[in-house]
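The following pair of complexes shares a single chain, chain A, combined with chain B in the former and chain C in the latter.
Let's turn to the complex of A and B:
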């Protein structure tokens, strides 16, 4: 309990620190609005007369959810792990009485929450103006939040795994680019997996990336209790596996860091 | 040596130093270039999925999107390879790091812009040069026109980014705003113009000049007209001159940060 409180405190400090720059965060969210604007225009131009199962309202709200997750959470270098390793700053952080990956998770959640609140407000306002409200099942909201929390946490550990490669390679940035593109493609960032050919859908559903963006967004626009059950189970399993792997790789990396003299 | 020769020599010296500096970390250099090519190829995934569900959108087919991507990636690659500091100009001004360039006996804006190369942008450029023959076919006049379009697009982007960066002379720190505007022009340039209507479409040919980076060049490559070419060349020249004018105006307001800067 005391241990959890420690990391919650890190999250709270990061959240407060981030909210100090409220206007800067708001300014950065303009990018989110531009994405929504482009896709609103694209769906207006292409959906009429097509046989797609999704309405424009569903596709815009789907995008609101996926973009809130991807734009609000630090990805790649912005997570700070790569820089800590390359600059040697990690040597100072290791001396603290906390687990470094969990310390970073606390910081990640604090930073993400600040951006998520702003993006949520802006995204909802923009989507309401563009297409009106989504068809929501009120009772599903707490469960949706749970899926969202697991999705964001899973995304952190996947990013951390890539960042930890900085212990072995001099430039980890390219791996982050590829990861972001996996989220973009088989993660279903812009369109639901149902748009994909069958063979690609099957492949995408096996991989964990769709659990970070597609799954919560799909549940938002088309609530299905059975699908929710399958999603939550897979999220928990993947999260456990990736978190354990990250801890293991981190320990191996620290040994490597010691070999080089720190 | 003539002025043109002097600046050509400065340009090649800066490029040589940029490449030598980047090649110091060979794995980093090659991984950034190769992964950026892969990154760009994966960006086409969305359109591949899109056109598997929709045959065309207002006359645009997948082949047109390939041309659009070749132009947008190529123009971006060209601007960031040969004028890598254009995206960082605002930061350089706000931090007071301009002194180094102002003290040298060459044009400060030219030297500043060419003094940095974004290594990953070489990947964008290579991707564009691979994609162009695939979309246009082995057609030397068409490919030559494509290169002209790339240079025009690169000049428009460099000029636009420079002007946005110059706003730091007047506003101080504006990185948040600048990065949004700089990204917006590239983002809009990667979607077909026909999906945009009304005021948004007008903005793309004025405040956010994505129209001159890809839409007009695509239109020219699909249906050549001397008038369109003249307009594009005039716009590229206009953005270059406007950027120079704004920089000169802003430099008068520049206050040194008395910062000791070492260029390594």
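Let's turn to the complex of A and C:
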């Protein structure tokens, strides 16, 4: 119990630290609004007469959800793991009675939560003005939140996995770049997977990236208990696998650790 | 019983070699070559509980690597070490409960938050019971005079204030050993003295074992009773600070005010560092000529209204040790 509480406290401290820059965070969210406006124009022009099964309202709310997840969570290098390893700062973090990956998860959640709350408020206001409310099943809301939590946590461990390569390679940025592009495409950041050709849809559904953005957004705009069941099961399985792999790689990295300045 | 023991500790790094230019980059990519760097070569020593030890050496001598092995961050290439009977690199988390570490150039405080927030978090991380934490913090706030700093964001603190908070932070879980890696680096004279006093006080009042690395001779002189010199990855000297000053460099510096002007005189091992009409500064190699012989010679030529005999600065002693070959230092150490 104490052990779990300490990571929650890391998240709390991280959230407190992030809220110091509330106005800065709010300023960054302007980009979010810009994305919504551009895509709204795109759907207005392209949807009429198309065979796509999504309405403009659904697509805007889909984008609100995917952008909240993507813009609010630290991506790639900003997670800080790569920098911790390269600068030797990891020495401090290893010297504590806590698990480094879980410590970083707490920090990740704290940082993300601050941005998420702001982006959620702004995104909902903008989407309500643009297209009105989505068709929501009230009972699905807690389950949606659960999917969202698993999605963000899975996204963290995938990013961590890439960051941990810094133990072996001198520059991990290219891997982060590829990962972010995978989220853009097979993750379904801008458009649902249903927009893709069948073969690409099949491929995207096998990979874990769609579970971090597409799946929660799809459930928000088109609640389906069966789809929810499939998503939650795959999220749990992928999360377990990626988290275990990250822990293993982290341990191997620590053994190989060569802190700079030694 | 020893609280820290190192037995034939080795650490080797594989350093990737790269020739300059594009051709060198391509060659390094296709056929990488490595050079083995022996950072630590068979270091052995023991530290008793409550000791204050300075672990010094020039840049690249192996100090930080040794500290990192002792704190469990680095796995050694060979040899053994025990900190309170724990193997650091195998029982790192258990060990973390008993040691505090301050790396002068790294921070464990959250930059944008007041130190109080970082203290609260560290107490949770080290699983310090709430009541114990409150009373420990109150004590540390008093010792380190942190009352005014607790609620200011760390980014707004001076380096000296921040370092006081850093040291307090690593003491929250009541560690028995304090590893300090250059704790006064970048501090001004006042802040340096303050930090030294605080560490010395912790050592004497609370009995915390202090293991310090520093390039500042003042840190060693004011905080530590024992000094260990490492160079080229080997321990080349292990003695008390007092012994180091008394025996290692057998020179004294005589500064005298003269009643009358005198001529410079020749004596074995005597060198005039300064010579003015009403004052001289003379360095004496006491192995060749006793100090009293030089004073007698001075008194025979002029009255001495004021005279001062001082040891050379510790800085000079350390510098001369670094410059000597390892074997010569070891022989000297055994001889003294």
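Observations, loosely collected:
The working rule: the second predicted complex is superposed on the first by the 257 of 262 C-alpha atoms of A that agree within 3 Å, B and C clash if a C-alpha of one lies under 4 Å from a C-alpha of the other, contacts with A are read in each partner's own complex, and residues count from 1 in each chain.
Heads up, the rule we're going with is that a contact is a pair of C-beta atoms (placed from the backbone, for glycine too) under 8 Å apart; a residue touches a chain by one contact, two chains touch by 3 or more.
Since the structure is predicted, the reported quantities are computational estimates derived from the model, not experimental observations.
Aligning the two structures on chain A places chain B and chain C next to each other without any clash. Look at A:88: by the touch rule set out above, it reaches chain C but stays clear of chain B. Shared-chain residue A:10: touches chain C; no touch with chain B.
Of the two partner chains placed by superposition, only chain B is touched by A:181; chain C is not. On the chain A superposition, the C-alpha centres give an angle at chain A of 80° between chain B and chain C, rounded to a multiple of 10.
Using the contact criterion defined above for the overlaid structures, shared-chain residue A:34 touches chain B, although it does not reach chain C. By the touch criterion defined above, A:173 reaches chain B but does not reach chain C. Contacts of A:98 after superposition on the shared chain: chain C is touched, whereas chain B is not.
With both structures placed on the common chain, the touch criterion links A:135 to neither chain B nor chain C. The superposed arrangement places chain B and chain C with a least CA-CA distance of 5 Å. The touching residues of chain C, counted against chain A in their complex, run 11, 13, 39, 64-65, 68, 71-75, 92-93, 96-97, 99, 101, 103, 106-108, 110, 112-113, 117-118, 120-122, 124-127, 153. Within the complex, the chain B residues that touch chain A are 25, 27-28, 31-32, 34-36, 38-39, 42-43, 45-46, 49-50, 52-54, 57-58, 120, 176-177, 179-180, 183-184, 187-188, 191, 194-197, 200. Partner chain B is touched in their complex by these residues of chain A: 24, 27-28, 30-31, 34-35, 37-38, 41-42, 44-46, 50, 52, 169-171, 173-175, 177-178, 181, 184-185, 190-191, 195-197.
Chain A meets chain C in the complex at residues 2, 5-6, 9-10, 13, 16-17, 20-21, 88-89, 91-92, 94-98, 103, 255, 257-259, 261-262.
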